[in-house]
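These notes open a run of structures that come right after.
You will see chain A twice below: alongside chain B first, and alongside chain C after that.
For the complex of A and B:
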């Protein structure tokens, strides 16, 4: 019964979405207030229905209802409760339901929090949201229904892939989708603006918090996935330039560009068409990301063709959304007139430079991800595009931006002076040189990119601090005045500084892990000692045990630093009998300088000898700390005054000159 | 098969345990071993999804790792080893595709885009300049407005 109720709720939600996609839009066009008003209740109703459907799916998972195909394929009675719940979205059909649930969540949030939006504009935004939703409802109901039944019901399920039975990965999809789907708001705002033919400072101010929220979630989602790979895959790798990772990285690049160009629209009334285009691109990348992961097109073009119904639907949906929005942009975009004028060396110029790098970086990743498919389709020789390609192309593209990132905030709007800005960065420059030299002196034959990375990270971090120092005129003004200035810094500015500072931390972590990683792979008898990264690891043997739904081998290492016991590490090697798959649970001890990382492998012979892998991964923790700092910066920026009070009013095209009130 | 594809949500195609190089494969000479690792990172495990033979525990990856080490022990240079592996498995084995007519767009594309972007920005600024030269319709500040602006700025300074 529950499954059918969920199924009906989805069908009903689709019809609600059809109403929401048409009537408010017509109402806005013909100025019919009653039709415009319809958008709000329709959004709430859609949310209620998708919440109900999503709840139904989780319920059938919790009670292990094996008459539902989806549960059979992704669950098992012995699975821990957390993964029964997470199993609901750890598969194709369920993740699509999560997608539409989050989409309706954002739609209802716009209806609720968008009270300061002009009603007609809001109606158009919600209509566009509903159009996207219709595409997804149709896709689910016709090709990927999570509530499909099976008879006769099997006695038990085939379990969720053990790699996905992990807390990091349980929360990774919802986080990632909050980011992907969040960009749908920016997209809907862009389409609504194109329909109205108007983009102004108020528009940019409305779009910003939504885009920031999506960006914060997407950053978190990507970091969660990366963190999971780091501890779960068993050798401390955290980014592989795998197509599925690229799929989540591309919307992030587009979204980051969008955040920066929206600032220019808000403050300087220019780059409007470009910003609208970026909003379209960001969401298109989210759609592409969802679908290249979901469609199986990555394994090969042929896997894609094995399920033609899904494949064709996906292509049609992508073509409609991306093609349609770009066509609308080509038609209406030129009407968006900009008035602001600026010099190449200026704050706007720096933000534009960010956009140039972000978009070319995005294009490079897109090209590298899809190129093997493209060559395959046109019948050329099969080629591989992997990490060495991306490192060779993407990293050099990004470096100039990191250099510019420290200087940009020093430049004035409209017309900046480069030399004074660089003068204020002289300490940052010296620090970066010293740090780079220090890093070089302890170079151990790892990639030289590590040294460059450390220097860039210090340059950026010091640049951010120099900017704050300058802003409060520290040591140049009396301390009391500096303090007052510090308190007056708007939250959005703090947000920017924190996000940039977080980026510096992330770069430091990447550089450390990339340049100074140490590893030792060997067979060890109990009592044997290996020396890795300044620590002595004594293997104390391994024993077999049983987990809730797996068998495990539990190894024990006593780690000594200068002869004193530092920490005991217990790596596991698990075996899941239902899926017949092994997993590695590395034991990791995190310090600010680096992670101690131990893995236990297969048993060798009978005398308690095991293959062991010991790694020292320097500075890794700074990647995660840096991401949290970036996310916090984004959150702080959302909470800025100008988004909460002083409801942004649309400037009338020809406003009468405001009279200056005498204070 | 479909179930398998579907069950995998984000990163999925790595072999489960992710344990690659085994102790018995490691060469005695650390310099030679380091070179083997370097080469391995650029070679694709042919049966895996986007995984180098250095990261994969598929048996084919192991065979390739041993092959690379055998060639190195026989005195091949790094280039000779790679050329040998490519001659047996084709360009598909290289994670960094070679530069040739089939990969021209892939390698040159990003840099062409940077140049195209710079040209677009240059054009934007030229247009921007001409628009700037045109009267914008805004009147210059009146005396009272200028004074008010100066007052406001002075206020902000304190």
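For the complex of A and C:
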């Protein structure tokens, strides 16, 4: 019964969405307050229905209802409860349900928190949201129904892909989707603005918190995915430029650009068309991400649905949403009038530079990701573009941006002066040189990029600190005055500083792991010792054991530093009998300087000899810490006073009829 | 058209091109990697033998005059171990000669030892540490298996561990067809 109720709720939600997509839009066009007002209750109702449907799906998973195909294919009675729940979205159909659930969550949030939006504008935003939702409801109901039944019901399920049975990955999709779907708000705002033919400071101020929220979640989602790849795939790597990873990275690049250009729209009333385009691109990339993972156009390690019929539907969806919005952009965009002008060396100029680098980077990643598809279509071989391409193209592109990132906040709006800004950064420059030289001296033959990365990280971090020092006039004004200034720094500015500082930490982590990683692969007898990254690893043998729904081989390494026992590592190699799949569980000991990382492989012969892989990954933990700092910065910026109160009213009141209370 | 109009229209045009590619891309099955060699003669190659196995090695002319399988494996490849029991079973039935390219071994001993441990279903085996033959064959990963006809022309490529089902549904029918085409 539960499955049918969930299915029915979805159908009902689709009809609500159809109402929400049309009536408020017409109402806004024709000044019909009652029709405009419909958008709010419709959004709440949609949320209620998708919540119910999502709850139904989780319920059938929890009770292991094997009359539902989805549960059969992705669950098993022996699976731990967390993964029964996570299994609900660890598959194609369930993840789509999660997608629409989050979409309706954001829609309802706009309805609730958007009280200070002009009613007609809000109605248009919610209508666009509903249009997106309709596409996804249709997609689910026609090609990917999560509630489909099967008769006769099998005795047990086929289990979730064991690679996905992991706490990191259990929360990765919801995080990522909060990011992907969060950009739908910026998108809907952009479309509504195009319909009205106007973008102004108020618009930018409304868009920013939503974009920030999406960006924070997406950053977290990407980091979780990367963290998962780091410890679960067992290769000591954390980013593989895999299509699925790129799929989440592209909206992040577009979203980051959008965050920065929206600032320019808000403060300087220019770059409007560009900002609207970025909003469309950010959400398009989110859709494309869904498309890449779901359709099987590009296959990769963790693309788990391969079904061209679905692909055709998503292609139609993409063509309609993206093509439609870009056509609207081509038609209405030229009406967006910008008033602000600025010199190339200015705050706007620096932000625009960020935008250009971000979008160029986006184009490079997009090209690299889709290149195999292009080549295939024009009749070449199926090839894949690997990490060398991305590293060669993407990294050099980012370097000048990091350099500019420290200088940007020192520049004035409209017309800045480069020399004084650079003068204030002289200490940062010296520190960066010193750090680079120090890094160079411990160079162990890894990529020179590591040295550059460390220098850039220090440059950026010191630049951020220099900017705060400058802002509070430390040492230049009496301490009491500096303290007063410090207290007066708005949260949005703290947010920026923190996010930039977090970026510096992330870069340091990447540079450390990229430049000074040590690895050693060998077969070891119990008692044998290998030396990696300044530590001695003694293999103490391995034993076989049983986990809740898998068999495992548990290896033991005693790690010594300078003759003293430092830590004991217990890597596992698991075998999941239901899916017949092995997984590796690396043992990782994290220190602030680097991670000790051990993996146990296959048994060799009979004398207790095992293949082992041992890595030393310097500074990796700073990537995760840096991401958290960036996310915290984003959150702080959302909570800035100007987003909560005092949103300026539009220069001209909208449709007077819309403000008349509905009777 | 002014510069400004171009800016607003360009994204749409770029997108339309993308959609075109996607539309064509969707008609291709991503799991079937097209083989550039299908229908073409095997590339010229000559590989040294595995240490201690034999002294003949493996070269392209070995593939003439009989329908054969060429299996690409490596001792480092986990999926190859999954596949191996099937190849051993296939060998027992004596249906078709199986040759092999031992791909990307870092250690000269690794390949022969691996075969000693898990069994050796192969007729000819060539050592290809530098991927010379593998690149010529367009190998994308291990294991991969090529079906070569009597004239030394590649007729089919199977990607991934060969198994009973793939054998019955894909390779066997094709082999029977080839046999009836030109009975020996």
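Definition applied: the second predicted complex is superposed on the first by the 639 of 663 C-alpha atoms of A that agree within 3 Å, B and C clash if a C-alpha of one lies under 4 Å from a C-alpha of the other, contacts with A are read in each partner's own complex, and residues count from 1 in each chain.
Just so we're on the same page, a residue touches a chain if its C-beta (ideal position, glycine included) is under 8 Å from a C-beta of that chain, and two chains touch if they have at least 3 such contacts.
If you're wondering where the values come from, they're calculated on a predicted model, not measured in any experiment.
Undergrad: Classify the contacts of A:536 with the two partner chains as first (chain B alone), second (chain C alone), both, or neither.
TA: Touch partners of A:536: none, neither chain B nor chain C.
Undergrad: Of the partners chain B and chain C, which touch A:387 in the superposed model: first, second, both, neither?
TA: Once the two structures are laid over each other on A, A:387 reaches chain B alone.
Undergrad: Which of the two partners, first being chain B and second being chain C, lies in contact with A:277: first, second, both, or neither?
TA: second
Undergrad: Please indicate which partner A:158 is in contact with in the superposed arrangement: first for chain B, second for chain C, both, or neither.
TA: First partner only.
Undergrad: Tell me the contact category for A:551 with respect to chain B and chain C: first, second, both or neither.
TA: Touch partners of A:551: none, neither chain B nor chain C.
Undergrad: According to the stated criteria, A:333 is in contact with first (chain B), second (chain C), both, or neither; which is it?
TA: Only chain C is touched by A:333; chain B is not.
Undergrad: Look at A:603 in the shared chain and tell me whether it touches chain B only, chain C only, both, or neither; answer first, second, both or neither.
TA: neither
Undergrad: Which partner, chain B or chain C, touches the larger number of chain A residues?
TA: Of chain B and chain C, more residues of chain A lie in contact with B.
Undergrad: Based on the superposed arrangement, let me know which partner A:196 touches: chain B (first), chain C (second), both, or neither?
TA: neither
Undergrad: Under the contact rule defined above, give the chain A residues that sit at the interface with chain B and also at the interface with chain C.
TA: Of chain A, residues 296, 298-299, 306, 381-382, 582, 602 contact chain B in one complex and chain C in the other.
Undergrad: If you look only at chain A, which of its residues touch chain B in the complex?
TA: Chain A residues touching chain B: 73-74, 89-93, 95, 158, 160-164, 169, 172-173, 176, 225, 228-229, 233-235, 237, 240-245, 248, 270, 293, 296, 298-299, 303, 306-307, 339, 341-344, 352, 356, 359-360, 363-364, 367-368, 371, 375, 380-389, 392-393, 397, 445, 521-523, 573, 581-584, 599, 601-602, 611, 613, 660.
Undergrad: Please output the residues of chain B touching chain A within their complex, sorted ascending.
TA: 1-3, 5-14, 16-23, 26, 34, 41-42, 44, 49-52, 55, 90-97, 102-103, 105-107, 109-110, 113-114, 117-118, 121, 125, 128-129, 131-132, 136, 144-145, 148
Undergrad: Flag every residue of chain C that touches chain A in the complex, lowest number first.
TA: Of all residues in chain C, those touching chain A are 4-5, 7-9, 11-12, 15-16, 18-19, 21-31, 33-34, 36, 78, 138, 140.
Undergrad: Flag every residue of chain A that touches chain C in the complex, lowest number first.
TA: Residue list for chain A touching chain C: 273, 277, 280-281, 284, 291, 295-299, 306, 308, 311-312, 315, 318-319, 322-323, 326-327, 329-330, 333-334, 370, 373-374, 376-377, 381-382, 582, 602.
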